[in-house]
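Labels for the chains are A, B, C, D and E, by order of writing; each one numbers its residues from 1.
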Amino acid sequence: MPPVAAPEAGFPWIVLAILLPLAGMVAALPLGRHARALALLLIPAGLVVALLLAAQVWREGEVTYALGGWTPPLGIALRADGFSAVMVVTTAVVLLGVALFAQSSFRAPPGEETRAALLFWALLLGLWGALNAAFLGNDLFNLYVALELLTLAAVPMASLEARAETLAAALRYLFFALAGSVLYLLGAVLLYGAYGTLDITLLAERAGPEPVTWAAAALMTAGLLAKTALFPLHLWLPPAHAGAPAAASAVLSALVVKASFFLVLRLWFDALPGVMTAAAGQLLAALGAGAILFGSVLALHQVRMKLLVAYSTVAQLGYLFLMVPLAGGGGAAQPWDAGAWSGGVLHAVSHAFAKAAMFLAAGLFLRAAGHDRIAELRGMGAALPMVTLAFGLAGLSLLGLPPSGGFIAKWLLLTTAMASGQWWWALVMFAGGLLAAGYVFRALTPLLARTETPVLPGRPVPRHQQWAVLGLALCSVALGVAPLMPFALLQVGRPEAAEEGIG
Amino acid sequence: MRGALLPLLVLATSLVPAVVIFFLSEHAWRTRTAINIAGAVGKLALVAYMLDSVAAGAEYELRFPLVPGLDFLLRVDALALLFVTLSAALWLLTTIYAIAYLGEGPHQSRFFGFFSLCVAATTGIALSGSLITFFIFYELLTLSTWPLVVHRGDGESFAAGRKYLAYTLGGSTSLLLGIVWLEGLVGPIEFTRHGTLAGLDSATLGICFLLLVGGLAVKAAIVPLHAWLPAAMVAPAPVSALLHAVAVVKAGAFGILRVVLDVFGIGLVQAEGLGVPLAAMASLTILYGSLRALAQDDIKRRLAFSTVSQVSYITLGVALAGPVAAVGGLVHLVHQGLMKITLFFCAGALAETLHIHKVGEMDGAGRRMPLTMLAFSIAALGMIGVPPVAGFVSKWYLGVGGLQAGQVWVIFVLAGSSLLNAAYFLPLVYRAWFVPPPGERAGGWTPLLAREGHWGLVLPPVATAAVALAAGLFAAVALSPLGWARLIVARDYGL
Amino acid sequence: MTATLYGLTGAALVGIGLYGLIVRRHALRRLLAFNLLGSGVFLLFGAVAERAGPGGDPVPHAMIITGIVVALAATALGVALVLHLARETGRAEPDPPEG
Amino acid sequence: MRLALDLFTILCVSAGGVFFLAATIGMLRFPDTLTRLHALTKADNLGLGLVVLGLLPRMEGVAEALKLVGIWLLALLAAATVAQLVARAALRETAGQPGGPPR
Amino acid sequence: MTALWLLDLCLVAVILAVALSAVAARDLFAATVFFVAYGLLIALAWVRLDAVDVALAEAAIGAGLTGVLLLGVTARVHMEARTPGPGRGMRLAIGAGCAAVSVALAAAVLSLPVPAPSLVPAVEAAIPATGLGNPVTAVLLAFRGYDTLLETLVLLLALLGVWSLAPDRLWGGRPGLRHRARPEGTLAWLGRLLPPIGLLVGVYVFWIGSDQPGGAFQAGTILAAVWLLAIMAGLSDAPPVRSLALRLVLVAGPVVFLGIGTAGLFVAGAFLGYPPAAAKTLIVTVEAALTLSIAATLALLVAGAPERAP
């Protein structure tokens, strides 16, 4: 059959959202010295495209796009529902903050091209394209290739400062990521064998609770959990994220681990809702609870600030998976539906902003003090008041205290937990909140301590970097003050399982 | 629509200064002072305007949805206005006092930023119309007071800060658990719709009541959750004055008022038999607080334990579930604030001017700082319950209320506590006035060597003492705290 | 029938590859095991394609070619990391020697 | 005619098989690298030649046949050069020189 | 048919044996040689599974280039693992676990539905619009062209990742070691004789890819192998990383693919769509550019990060 008539009207922002960053990466290599300028041009444009895509999804509901005109199961389709639109916008905003931050630390002297300058910007654009491809793809094998693109952009980012420990961390990261991808592919192969398609929407219609589908789901989830660094598969994350340069670790912790989390939700809620049993949901949440407790306790014992923030990522990722058994537990009393599902996603978004701000702040402290041993950062609060404020605001979101986005997410998850009688998950969240208070205030105390001689930053910290950090932290707070718009956008094209629950 | 703007404006008058001051440089003290005073006066004006319109029955409400179905609600009702008036008036005086007290101390922008933020949180707590709004501002209060407690930045204040955080975050966890449990079962709870909890079984109600009041008891410093209050005395005097006399402690008590009066409703509390244990706990705190105050040598720690005991009067009033006792509790919210802040102001002035920290060093203080000590004495007498100062009025109503509710033991608690108050306040007053200052011949009446502190340290305590006296003398006036408390109990809760 | 035989072989190769990936400490051997695991998965996919009748299903074949190229890219990056790690530390294992 | 051609194919391919067997046994039994190389290159190439010869009549067109012979020639070329390089490396090893890349 | 069945059994047995010895080999060099042999056997298996395109790709990329990569680094990384692997008991447990995974997979394969779902009819229906004969190339470049686009970017990113490991002072330099060969030596002779044949075969495989098994990736790999042989024979040297010409060759494939894909947006109504009339010519152009870029990228991936001054 000839290519299908043009997909329904409306400019294909969904294609541009992927095309822009990937074309940027391809152009960055020959542009050499000017790669930084190209990136600083494309990233704001990308934010505009993301917002227009979100507006299109908001107006017209779910946007699907058959690439090349070939409709699934033969061709590959892109799908932008509320969830992916929110993630694409979050990615664009975080990247804007990171780019604003990194434009001075990754700048080649005029007329010359340095390794770090060219490669940071090229890899950042590649990473961004891979993230958008993962958020907007609707074909499981295509998502496998997008995940590989993401891994191959993230691993060199982790080892950009080619020291011994970052190389070892990057290598361990590569092994975990590759093992995860192969297991994911194995699951996809079984699904293709059983149902003849890998398109998520078609799979939702065809997939039934047979042994093959359980095996495939187990393998794919195991693979994705390895890439999301959920406890007990989290060993690679702290050294990799702490070793990377500040701008890179911000993107790694805030966004890269979210892509595989996004795919777990796509798999469990969109592709195979009927297949997943409630027990599997409880197991996933149990791993999440383990991550929260394990990650927080380890974060409490860290000496270096970047490692503390990295372990806090391990803990906060646990929160995201608590939402899986809670989805659909809203019950009649709640005036909003799919509370837990939306709460989990809002937590992912607010964590992205907060974690990016925290890593960038830690990077600034490292740059100003020459080291990031927490105990010896005394008086840095006076030297860098804005950065300390940003670190504190970001800490709020991790604690789930108002006025941060984390609070609204925690509130939705808690009310659903209590309404559906699963009170043990509520206790886990409380324990996580208190432990998070432990390590955030442990990091804040030396900053606010008063020293006899006022501490001056060793190397001057440019103002725009401080504004970038504060901006990201304020985004997380803004999500807490006005969560209505993101919450409503999330409901567009929301999977039914998000409301009825799994299994 | 104009009505919806007023609560937002009241909130903004302390939120906006907070944000602006944060970004002010350290030595721009003139602009900082101007902004502070303007904010305080603006709030006072707005409150004054609302006082008479709410008395006439008007209601102002601002509602915007956080999440479809879950609304952020600011509502100005009579009870809210009671607390807002108190905090607005005292914020103005405390700002003047703090400016004088801190002088050229470091990190002033940070201090006044968090100071205004803390008042904004207190106003928010007062104006909140739903449990989630209340919880948001309740947590904001913790977060804005912690930097003030650790303002000095030395080891001791960080230890106090850590203890403060441990208690308050623990309390907020139990509060959140209670709220979430209730809201999980009955959906978002607002203070206007009474009787939403009628359908629940008594076991859940009991546990939720325990969780809610337990969480609030931390800030209301009810025994055994009071230990953070004396420890937080290391903070500078204005902090302990505003925070521990007006903002933090009152927030806890106000929260208990909201929970008992609006969330559960007095009828349900009585039906479930939760009133009596709460009253017992309050009484235990009253006595325990006074006893511990007796043993303290440091003036500020003695005042801290006195606060622990005095705040529980409010809880006692509400727990007794009679209309008169409720009026007593409500009016004590204001009276205790006025009197306690005067005592803290004077203690701060004494420490700052004459470097007196211990009770033993009070000899002849009256001779050297007559005005400050006069205010101190009035407030001390008021605390003991000596008429005509305001303290007597609230104790009188509590006593009558207790009798009315058939709880005779309340009288003995009140009497015992008054005696203890006398036991730990009178020595200070006696030393100040009747014992000559050290290095003087006994018995001789030397001319008054008045060496009052900076006017900013003297004026506020005198003003608050005068208002406390007026609140006692003109209690019958409709706009007096007692009149307003009666209005609240009669109109809003129909008791 | 041949499809099922090769499918079982693919399953066996996945087991062998997984074993090598977990047990071996030397990074190059783990990369080699990863390639075995990958080719096992692709063989399984080829068997699935062959079950669709003589001549096989071209769509999985295209996916397998894509998979092989991606596996090579990942191996190349792994090899480069091992090379530079060995030059920096004189050892070829990502994990620091325990104890 | 068909039968003769089939007979010819069977004969040639089985002869090729024998030569491959011989090469394998040679490789296993011979003492050192050089002799093993000798067995591998000689016997394997001859075996392959015979097999190709045997398959020629079964090819459809001349192009197919030429491709088959082309493959055989390439195999010969590869075997020859590899044998040379491995031999040089073996000599370098046995003569005690550091085993540098045998160029 | 029993003879073919017998061949399959033998092939499978040998494959498993070689795979096990590759994992269990004591010395790294032996493991790598076993791996190369394993790659060739798997290529045979692909022929048995009627997937000739994949057989070509597996032989060229799986066995060939991956083998060269591993051999190259084995020569330069001489040390065996010093961190002790898991103990005996642990090894058995992991072995049992992996065996369990295999058995579960086997069971899953056996329980796949008998009328196996297939996209063959869909492909046969859609292939005339692309004007191609070889269905695999049609899927690769038309129906699932987006996968292939991402895949070429994966290659480019891998190359950037490898280059990112170079020391800062050597940035822009030439990758890999400088290979020298005795001018009259056999390797130099092979380096002069084979490349022309290789080029011919590479272009043939690329050209025939539209209608017969073959295509951009297999051809690209052959051309990369030819270039590597020339480098190893010392006849040519890896180009400096900063040379613009090299970078343009590297990005030629993705740029042409993206360009034609975006043009498709306006002409054929969908991104990566081809107007039916000019579908074949466009696809072949894209394949040509891809072959060029893939050849350069794969060769440089094997050469490694810049190690010498430009």
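Just so it is clear, contacts are C-beta pairs under 8 Å (C-beta built on N, C-alpha and C of every residue); 3 or more make two chains touch, one makes a residue touch a chain.
On a predicted model such as this, the values are computed, not experimentally measured, just so you know.
Considering the contact criterion stated above, no chain is in touch with subunit D and with subunit E alike.
Number of steps on the shortest path from subunit C to subunit E, with steps defined by chain touch: 1.
Steps from subunit A to subunit D, minimised over paths through touching chains, total 2.
Of the two chain pairs examined here, A-C and A-E, the one linked by more C-beta pairs in contact is A-E. Relative to the C-alpha centre of subunit D, the farthest chain centre belongs to B. Chain centre most remote from that of subunit E: B (centre = mean of CA atoms). With centres taken as mean Cα positions, subunit D sits 31 Å from subunit C.
Mean C-alpha positions place subunit B and subunit C at a centre distance of 68 Å. Per-chain CA centroids place subunit A at a distance of 43 Å from subunit B. Looking at subunit C, one finds that residues 14, 44, 48, 51, 59, 63, 66, 70, 73-74, 77, 81-82, 84, 95-96 touch two or more other chains. Residues of subunit A in contact with at least two other chains: 74, 141, 145, 148, 152, 155-156, 159, 162, 167, 186, 193.
The residues of subunit E that reach two or more other chains are 105, 109, 112, 116-119, 123, 143-144, 147, 151, 154, 157-158, 161, 165, listed in rising order.
Counting only pairs that meet the touch rule, the chains in contact are A-B, A-C, A-E, C-E, D-E. On subunit E, the positions that touch subunit C within their shared complex are 4-5, 8-9, 12, 15-16, 19-20, 22-23, 28, 31-32, 35, 38-39, 42, 45-46, 48-51, 53-54, 57-58, 61-62, 65-66, 69-70, 72-74, 76-77, 79-86, 91, 94-95, 98-99, 101-103, 105-106, 109-110, 112, 116-120, 123, 135-136, 138-140, 143-144, 147-148, 151, 154-155, 157-159, 161-162, 165, 215, 217, 294, 298, 301-302, 304-305. Looking at the complex, you find that subunit C touches subunit A at residues 14, 21, 27, 30, 34, 37-38, 41, 44-45, 48, 51, 59-60, 63, 66-67, 70, 73-74, 77-78, 81-82, 84-85, 88-89, 94-96.
Here subunit A touches subunit C in the complex through residues 74, 141, 144-145, 148, 151-152, 155-156, 159, 162-164, 167-172, 174-175, 178-179, 182, 185-186, 189, 192-193, going by the rule given at the top.
Touching subunit B in their complex are the following residues of subunit A: 331, 333-336, 339, 342, 382, 385, 389, 396, 401-403, 407-408, 411-412, 414-419, 423, 426, 430, 433-434, 437, 441, 445, 448-450, 483-484, 487-488. Contacts from subunit A toward subunit E in the complex involve residues 1-7, 12, 15, 19, 22-23, 25-27, 29-30, 32, 65-70, 73-76, 113-116, 119, 122-123, 126, 129, 133, 141-142, 145-146, 148-149, 152-153, 155-156, 159-160, 162, 167, 186, 190, 193-197, 210-212, 215-216.
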